[in-house]
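Same chain, two partners: chain A is paired with chain B first, then with chain C.
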Partner chain A sequence: MQKRLNRKYFLFILPAILMVVAFKFFPIGNAFRLCLFNWNGYSQDMEFIGFDNFKALINDQYFWKALKATLAYAFGITIVKNIVGLALGLFVNKEFKGRGAVRAIVYLPIMISGFIMGQIMYYFYQYDGGVFNELLQLIGLQPIYFMETGTRTIIVVILTTSILHIGSTMLTYLAGLQRIPNELKESCRLDGANTWREFIYITLPLLQPSIISSVVLNLIASFKIYDIIGAMGAGGPDGASSSLTQLISKYYFTQLRAGYASAIAVIFFVVIVIIAWPINKYLNSKKVEF
Partner chain B sequence: MKKVLICLLSVVMLLALVGCSGDGSSNNNNKKPNQEIHDNPDANTLAGVNLEVAVNFTGDAQTAFAAICSNFENRYGATVTVDWYGSDHATLMTTRMAANNMPDVYVTAGWSIKKYKDYSLDLRDEPYCKDYTDSALGVIKDKDGSIYVCMVSEGINGVVYNVNVCKEAGVDYLSIHTWDDLWAACEKIKEAGFTPIASRPNAGMTSNAVGTWLTYEGEVANVGDKLLDGTWNWEEYRYVLDAYGQAVDKGYFFADAKSMNEMDTLERLASGRAGIIIGDNTASVQTMYEMNSKGDFAIGPFPASTEEGVEAITVGEGDAFAISKNSKNIDAAKIFLRYLAEEEVTRKLISATGRKACQESVLANDDTDGTKAFLRLEEEYADHKMIYANIFDREYLPAGMFGILGNVAGKIFAGRSEADKKEAISYLKENFDRLYKETKQQ
Partner chain C sequence: MKKKKKFRLWILIVAIIVCLIAIWPLYELLNLSVRDISDYSSRLLPPETVKLSNFKDAFLNKQVWIGFKNSIIYSGLTILLEVVLGSMAGYGLSRGSKRTTRSIKSVQMLIMMVPGVVTLVGTYALMTKLGLTNSLFALALLTAAGGIPSCSFIYMNFINSIPMALDEAARIDGANVTNTFFRIILPQLTPITVTRAIMIAIGAWNNYLMPLYLINNSSKQPIILVIRSAFAMVGGDRNLAMACATCTIGILPVIIVYCILQRRIIASQIGSSIKG
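And then the complex of A and B:
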């Protein structure tokens, strides 16, 4: 009976499994194959070159620049989104007038596509005639070239991406906060703890499930950042703010180096696994049951 | 009953999946014979035919092309399914080429020979091919005489001037013959309180212009043959790096040039904040008139690198359409292209794209902005030593180098020390050698 039931359920999930295999596992597997070839991305012929693509990566300055920028994006966005998202979650968890409106305003930007958001924010951060610089000049200050260097551009992109997606992080924490039983907080207060101690010893440990999912999901999503960078300086200057996803696309479709782009994709996959897996494991070990 | 339903549901889902995952190669194995079409088809001759057309048009050009396709459907009874790939056109077409699953008709976006020729039908016997201007044939005719596209317009690239700014700065742009003259004009424009150049670092700024240093007769270098046989060491590219580098150092570009986008470039010239764009085309002139209808914008050739050298306009593919060799609707696609080449239809499209017509019959009575800008150029520069040349990378470099030239343009703005120049030259050589070898192998 149980076996029949399992088979029935298996049939239900079979289409989903097939889709995941076709659209996730097959492309990933194909990238592992393509990275061993010299291929322009469209020709019906390709040349097997073993690990030459990986050897070439060692001396590719654009790869190292993009790897550094991608790590900065991943950790920068994850840190900003989680700290600000948690703060906002705590804020909108309190009872006050207009709470619904605040929640909606914080969540609204997520409805804009990354590219459009990037375009909008480009005109805010622009050196010549940008909104922020107009305001600075209005109060007698010198304009700032926000996108002059790679580091500055990376910071600008981190802030823009964080604003765009902060609503979802806030909701994750809000859901976690609402799951924490009030009795625990009350008993903590009865024991004489102040708000800070209550946050450190009660709220934060019991928020672990939300923290784990938010940190890991944000980290992985931030590694894949693509569209906002395209709209904000296109990875410049000289590739210093380009992400690995952008570099893969550029090598594959503009420079017609599909095999080489696949080698970067494979390295990228390994980097994400190496970073996300131990973080996930560490955070899981800190989980508190209640 | 439940079990039956579950099984049926699963089978339907599986069938749907299998149906969706059909690979492009099946098209080739199950080809239906081409439909017989008369030379002068009447209405509804193509009833039942569905043409898939992939294009990169956006904005006004998209609207115009949609109307053109709709008229075609009304006239011939066929249906036209347009894939509006926009800025993703090159990317999506690359994946379709890899899958050998090409649309019936597609825009080649400048690459009919270097990238698409193995997939495209030779159209040299089509009637519109006899009507092309020489400059158009110079761009789309392959070495063996094949022509893979119906091209309705050319991309005319050169230096774009805001004539009013030039006048105010006391610059006669028609007196510019060499790059030194251009830099002197920049100095005057700067002294008059404008930013001389509104360009941003991109492949167009270099790829369109470098022939005037490297490959035309009388220029500082003539390395065309070496480029074609793959023996050039790229040392002479230093002329390009030095010239643009000095212009950056002298403050001829906007302070934020390296992070500007295309619209910034056009807006700053159109609004009269700058005097010159190096490496732009007639389509941009049209856009600038839309931004500022009271402005006066002219396109001129790239200057020569020596007094003895020639000024050059580089010509590239404009709006060009190819037919897939494997199309099941080749005859209908040919009719579609003949329709696009009709004078009235061509004019509709180039009015929207701002490019210059490339068929003699259309040029004779054309008053679209792109053509007007070109005719002004021809008239104003009639006594100049000027040539029309193919875009540098399409003529001399393997496919894939356009992006590399763009990266090097970015490097000029990022650093201009001797070490930076050496690094840029080595980067160019390394990529050229690799792509040249790959192209030869293919």
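And then the complex of A and C:
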């Protein structure tokens, strides 16, 4: 009886599995196949070239630049978002009038497309008449070329993305903070601990589940950064701050080098798995119980 | 008493600064959208004269309405696919054999690590071959497939908290599994379904990467691509106010929905970040 029921329940999962197989597993498999070909993306003739695409990658400076930039984005955004997000989570967990409104307003930018936010931020970072340069001139400083060097552009993108998308991290930490039993904090205070000690010895260890999910999810999401960079006008100079996602779509759709773009896509996926999987495993192995 | 008052002032100041930073980009968008072409005054301050006719011009643009229509169709299809398949899967995962659930859960993390661009590159060739470019339905399929894994597990967590006794009672009364799910279980999950539907709709409304490459026929463009071309036409700040007005109109539905339902959206985001 139970076995027959289990089969029925499986039929409920099946359509979802088919969707994921068709639109997630199949594309990856296809990318793994295409990366062995020389192909322009639409013509009938595909030339099998083995690992030549990967050999070409080694000498492609744009690939290495994009890989470096993507790693910088992923780790930079994850670090900034988690530190600032934790601080904001602690802040909106305090009891004060209007904290619901503060939460809602901080979360608002996430509701708007990254492309549109990036497009608006473009007018903040413009050299001539940009909002930030006007602000600088107002306090008597010289205007800055925000996107002059690759490093500077990367820092600008990391800070912008982190601050615009801080709301989700804030809520993750808020959820974790709300789960910490009050008795623990009270007993800690009775033992004479000050706020700082309470934070280090009680709050931080008990927040571990939130830290795990926040770090891993932010890392995975930040690897995929795409629309905000392009819309902000970042990516340059000469590809120094372009992300792998941008590079792949450029090679595939603009330069019509589908096989080569697939090779980068494969490497990209492998890099994400190699970095995010062990972090996920390691952090999960240190789970706390309370 | 005095100490408490000082404490509160500190909170007020931080709260105001945090909110101002969050709202700043939208203020600038609105500020730029009501400017006259010749108004080059500081963007920090409100414009010299407020020119609302930019909005009128944007509303008269037929492409904006086509964009709205397509975005609504695209969002609707995505909701339908993702909610129906996701909730069904959630039910199966919750009630079915624990071994199946465990093995599916273990690949979920892997699925999340697949970047959208890899999905796009891997399916684009197929979609062109099958003539599925310029199809809002294909776009919705691709988008829904990306959301189904997390949607299923959110439903699973909620269905786990509905006692099995309810299913058994329904079965004794002669309902089969399908009826039990659609008539007994799903109606209990209406609040979750509503929140999910809103989040999916907003996600589809904001999706940029996939429409950009899968839709090139202007009669099929969702609103985000209309906004994109409005900004792309900005030459030397000439149509900037127009583009910003179009953009404001395009994101207005999202902002209105968010303002009405922010309590629910925030609560669901807090809820979903508590695992299992």
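Quick note on the criterion: the second predicted complex is superposed on the first by the 289 of 290 C-alpha atoms of A that agree within 3 Å, B and C clash if a C-alpha of one lies under 4 Å from a C-alpha of the other, contacts with A are read in each partner's own complex, and residues count from 1 in each chain.
The criterion applied here is as follows: a contact is a pair of C-beta atoms (placed from the backbone, for glycine too) under 8 Å apart; a residue touches a chain by one contact, two chains touch by 3 or more.
Predicted model, so just to flag it, every value in this text is computed and none were measured.
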| item | value |
| --- | --- |
| Three-chain arrangement built on chain A, chain B and chain C clash or fit | clash |
| First (chain B), second (chain C), both or neither touched by A:Thr153 | first |
| Partner chain(s) touched by A:Leu141 [first = chain B, second = chain C, both, neither] | neither |
| Which of chain B and chain C A:Gln44 touches, first, second, both or neither | first |
| Chain touching more of chain A, residue-wise (chain B, chain C) | C |
| Partner chain(s) touched by A:Ile272 [first = chain B, second = chain C, both, neither] | second |
| Which of chain B and chain C A:Val20 touches, first, second, both or neither | second |
| Which superposed partner A:Ala104 touches (first chain B, second chain C, both, neither) | second |
| Which superposed partner A:Arg257 touches (first chain B, second chain C, both, neither) | first |
| Which of chain B and chain C A:Leu88 touches, first, second, both or neither | second |
| Partner chain in contact with A:Ser210 - chain B first, chain C second, else both or neither | second |
| Stretch of chain B, among 92-100, 272-280, 398-406 or 416-424, that runs into chain C once the two complexes are superposed | 92-100 |
| Chain B/chain C common contact set on chain A | 8, 11-12, 14-15, 19, 22, 41-42, 249, 252-253, 258 |
| Complex contact set, residues of chain A against chain C | 5-6, 8-17, 19-20, 22-24, 26-31, 34, 41-42, 88, 91, 94, 96, 98-109, 111-117, 119-121, 123-124, 129-131, 134-135, 138, 163-164, 167-168, 171-172, 174-176, 178-179, 209-210, 213-214, 220, 223-224, 226-227, 244-245, 248-249, 252-253, 258, 261-262, 265-266, 268-269, 272-273, 276-277, 280 |
| Touch list for chain B against partner chain A, complex | 3, 6-7, 10, 13-14, 17, 21, 90-91, 94-95, 97-98, 100, 115, 118, 201, 254-256, 258-259, 261, 264, 268, 399-400, 402-404, 407, 410-411, 413-415, 431, 435, 438, 441-442 |
| For the chain A and chain B complex, residues of the former touching the latter | 8, 11-12, 14-15, 18-19, 22, 38, 40-45, 47, 62, 122, 126-128, 145, 147-148, 153, 233-234, 236-240, 249-250, 252-258 |
| Interface residues, chain C side, partner chain A - complex | 8, 11-12, 14-15, 18-19, 21-23, 25-26, 28-29, 32, 40, 42-44, 81, 85-86, 88-89, 91-93, 95-97, 100, 104, 109-126, 128, 141-142, 144-146, 148-149, 152, 177, 181, 202, 205-209, 213, 224, 227-228, 231, 240, 247, 250-251, 254-255, 258, 262-263, 265-266, 269-271, 273-275 |
